[in-house]
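Starting off with a structure, shown below.
The first chain written gets the first letter, and so on, giving A, B and C; residue counts start at 1 in each chain.
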Amino acid sequence: MAAVSRAWLLSDAPASRAQARWGRRYQLWLAFRRNPLAVAGLAVVLAMLALALAAPLLATHDPGVQSLANRLAPPSSEHWLGTDELGRDSWSRLLYGGRVTLGMVVAVVILVAPLGLIVGCVAGYAGGIVDKLLMRVTDVFLAFPRLILALAFVAAMKPGIESAVIAIALTAWPPYARLARAETLTIRNTDYVAAVQMTGASPWRIICRHVAPMCLPSLTVRVTLDMSSIILTAAGLGFLGLGAQPPIPEWGTMIASARRFILEQWWVPVIPGIAIFTASLAFNLLGDGLRDVLDPKQR
Amino acid sequence: MTEAPPSEAPLVEIRKLRVDFPNPAGFTQAVRGISFSLGREKLGIVGESGSGKSVTGRALMRLLPGSARVQAEALRFDGIDVLAASERQMRALRGGRIGLIMQDPKYSLNPVMTVGRQIAEAWLAHNKGGRKEAREAALSLLEQVRIRDPLRVLDSYPHEISGGMGQRVMIAMMLAPNPDMLIADEPTSALDASVQAEILKLIEELVSARGMGLMLISHDLPLVSRFCDRVVVMYAGQVMEELPARDLHRARHAYTRGLLDCMPSLSAPRPRLPTLTRDPAWLEPQR
Amino acid sequence: MIEVERLNVHFGHNQVVHDVSFHVAPGETFGLVGESGSGKSTVLRTIAGLVPGWDGGLAVDGKALGPKRDRAFFKSVQMVFQDPYGSLHPRQTVDRILAEPLAVHGIADAESRITRALEEVALPRVARFRYPHQLSGGQRQRVAIARALIADPSVLLLDEPTSALDVSVQAEVLNLLADLRQARQLTCILVSHNLAVIGHLCGRLAVMQGGRIVEILRQEQLRDGTAQHAHTRELIALSHELEG
């Protein structure tokens, strides 16, 4: 393979499939890079993921070890972000909490995005009865307020991270299905899909290889913009005691258990709050930047 | 070089106009130093896609995206320096003193407003008067563009009328403020051949009757030459040849000749069409 | 080769094609000409199997066509669309676009076929891994033609293949189509609003108006003044007028 250089990537006469593909990605990256806020969002997201992954290396204390003599301590050289109501180190709990919270977000996205994409594309491409059926199911889920439905699901199952993830996923997929269906309806009538139909390809092949890839960009943008609301729903469930169970550190649960101290020892609930806020903001900025780059309609 | 009649100053004066668009590697030159002037006459600008003909029209109305780099020794409309004019002055020019007719009326008419209201709005923007007078004016304009049943069309929505009718409505809208000049950018490319000729004839007659200037931008050389006084042939951002429309068959430039020659003909069929050989010398800076 | 017998096409309650019949012999190029809304493209798309809701008789190569077409049909009948900007998938390279029909029909020697197809339509080698937006209009239409021909069809349906192109490029594409038609013994139906283009490529043509065929005539009749129907005469007069 030729050396990967700028010239190789920007060549307007690529010599192989790989070069063409990477060239296109590089062009997207160049366009993305022109938006400093989006780059900042991406950097923060990557940094948070890295911190969460490296939690065992970076944590100064065991997040579960209590020290009742040293509860609600302000930040110090011993405890960088202070301690909580049971004397556990806030910094370490924040790192491990990131694993749980961000892990939940990733799990929800992995469940939701493909489901919404497939349901939407199939409904949009098939039309008729299939479309009506799938969309009515979607409508049923859309009709409930998100948090209420999630609450009902978790209450029916036993509270915990897995139930929270499934509950959020169940409430999060309908908008993606709607979005993918709307995109598919326009793509279905284009000449390039007609041309693929003329090759004799099966509907399934057309959906997977030609229609779904065209829906991906707008779906990616939507998912990124939704990340913050997934974090907030997860935190909300945690806050209500229906998400992660103590003593597992999770940002929403951390705020919930520390809310009594907001006036005297304000840093205890505020620190996980800042983490949630930063993550949400970073995902939003990233989503905005991705939309500018990926969504052809915006250009 | 173009010489305007010495008695009157030209309506449009373009000297050494250059337009560049940024691309990842630097700049793409869309227009490379073109010069011509236009009086109260009918000028056709003809070229293939990418020749810079539309960009030229848009540069004159300052309608290019902000990233475009526009330079010129002179770019004047009726003595107003378009490059230096304030946004306020430009607004008075656009849709006021210069009307722009675009390719597809489907996209240039507002789909949720009746035709009558759209024309009335255009009239109100540049004339003083009440709703009633505006409606009267709209009706009279529709009559001027020879719509057979103007009262019915007045209250129709754009999707209820045909493409040719839509283009007539566009023309009526552009005439509402009594402009000095019309820029028609491929005004008939989306229409059937039979309607094409009618629309161009209408534009030509209205322009002559009102003593306006017309800049007709098109890819169709024979069509344009039938309705214009002069034709400017553009290729790759430069003017290849400028000649009186009636002398088109005596065109000297190889590009113009090639364009005329490569069209299939009903009256003189040939087994194979001659193709245009693009001479690299055409890309060199022209005198 | 192609038989169309009393074809009617409905869009909902709207009948857009009325009682259209014509036959195309093997190796012949048949033209369909008319103004927008005359139903000429609809007839072509119905033959291609892209329009549901028709009745009447359709047969290609002696085999009657039903509402669903099988893979063998799509191997022998291919289509080139009007808009070269819309008919190529915007996120696929030329290579991928050309490989798709081969993959669907299970044709093995993709590598050499793609190289040959590009040569056949006179596209440079460097175009192979480009995306459609990196190509000119004429080059895109060449890709579309290459895609249509890569699985060796016997029938080519052409829907206004040059009306979105500049005249100089139109001449190149028309020449290319004439060459390929001869080299591969293709049977073609060409739809266009441009009578001169139809007259250039087609031996026989049908003039359509308001969803009906008003007249079927031979190419020579366009010039010798024996066209019968008023609409045909109108189109011929208009075409002569525009030639100046």
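Brief remarks follow.
Methods note: a contact is a pair of C-beta atoms (placed from the backbone, for glycine too) under 8 Å apart; a residue touches a chain by one contact, two chains touch by 3 or more.
According to UniProt, the chain labels map to these proteins: A = D-ala-D-ala transporter subunit; B = Peptide ABC transporter ATP-binding protein; C = Glutathione import ATP-binding protein GsiA.
This is a predicted model, so every value here is computed, not measured.
The touch graph of these protein chains is complete, with an edge between every pair of chains.
Interface comparison, A-C against A-B: more C-beta pairs in contact at A-C. Separating the CA-averaged centres of chain B and chain C is a span of 32 Å.
Between chain A and chain B the centroid-to-centroid distance comes to 50 Å (mean Cα coordinates, whole Å). Taken residue by residue, chain C touches two or more other chains at no position, since every residue touches fewer. On the side of chain A, the complex with chain C involves touching residues 12-17, 19-20, 24, 190-192, 194-201, 205, 209-210, 213-214, 296.
Interface of chain B with chain C (complex): residues 48-49, 163, 192-194, 197, 219-223, 225-226, 258-259, 262-267, 269-270, 272-276. Residues of chain A that touch chain B in their complex: 10, 27, 30. Note for the complex: chain C touches chain A at residues 45, 48-50, 69-71, 73-75, 77-79, 81-83, 86-91, 93, 95-96, 100-101, 104-105, 126, 129-131, 134, 144, 147-148, 151. Considering their complex, residues 24-25 of chain B touch chain A.
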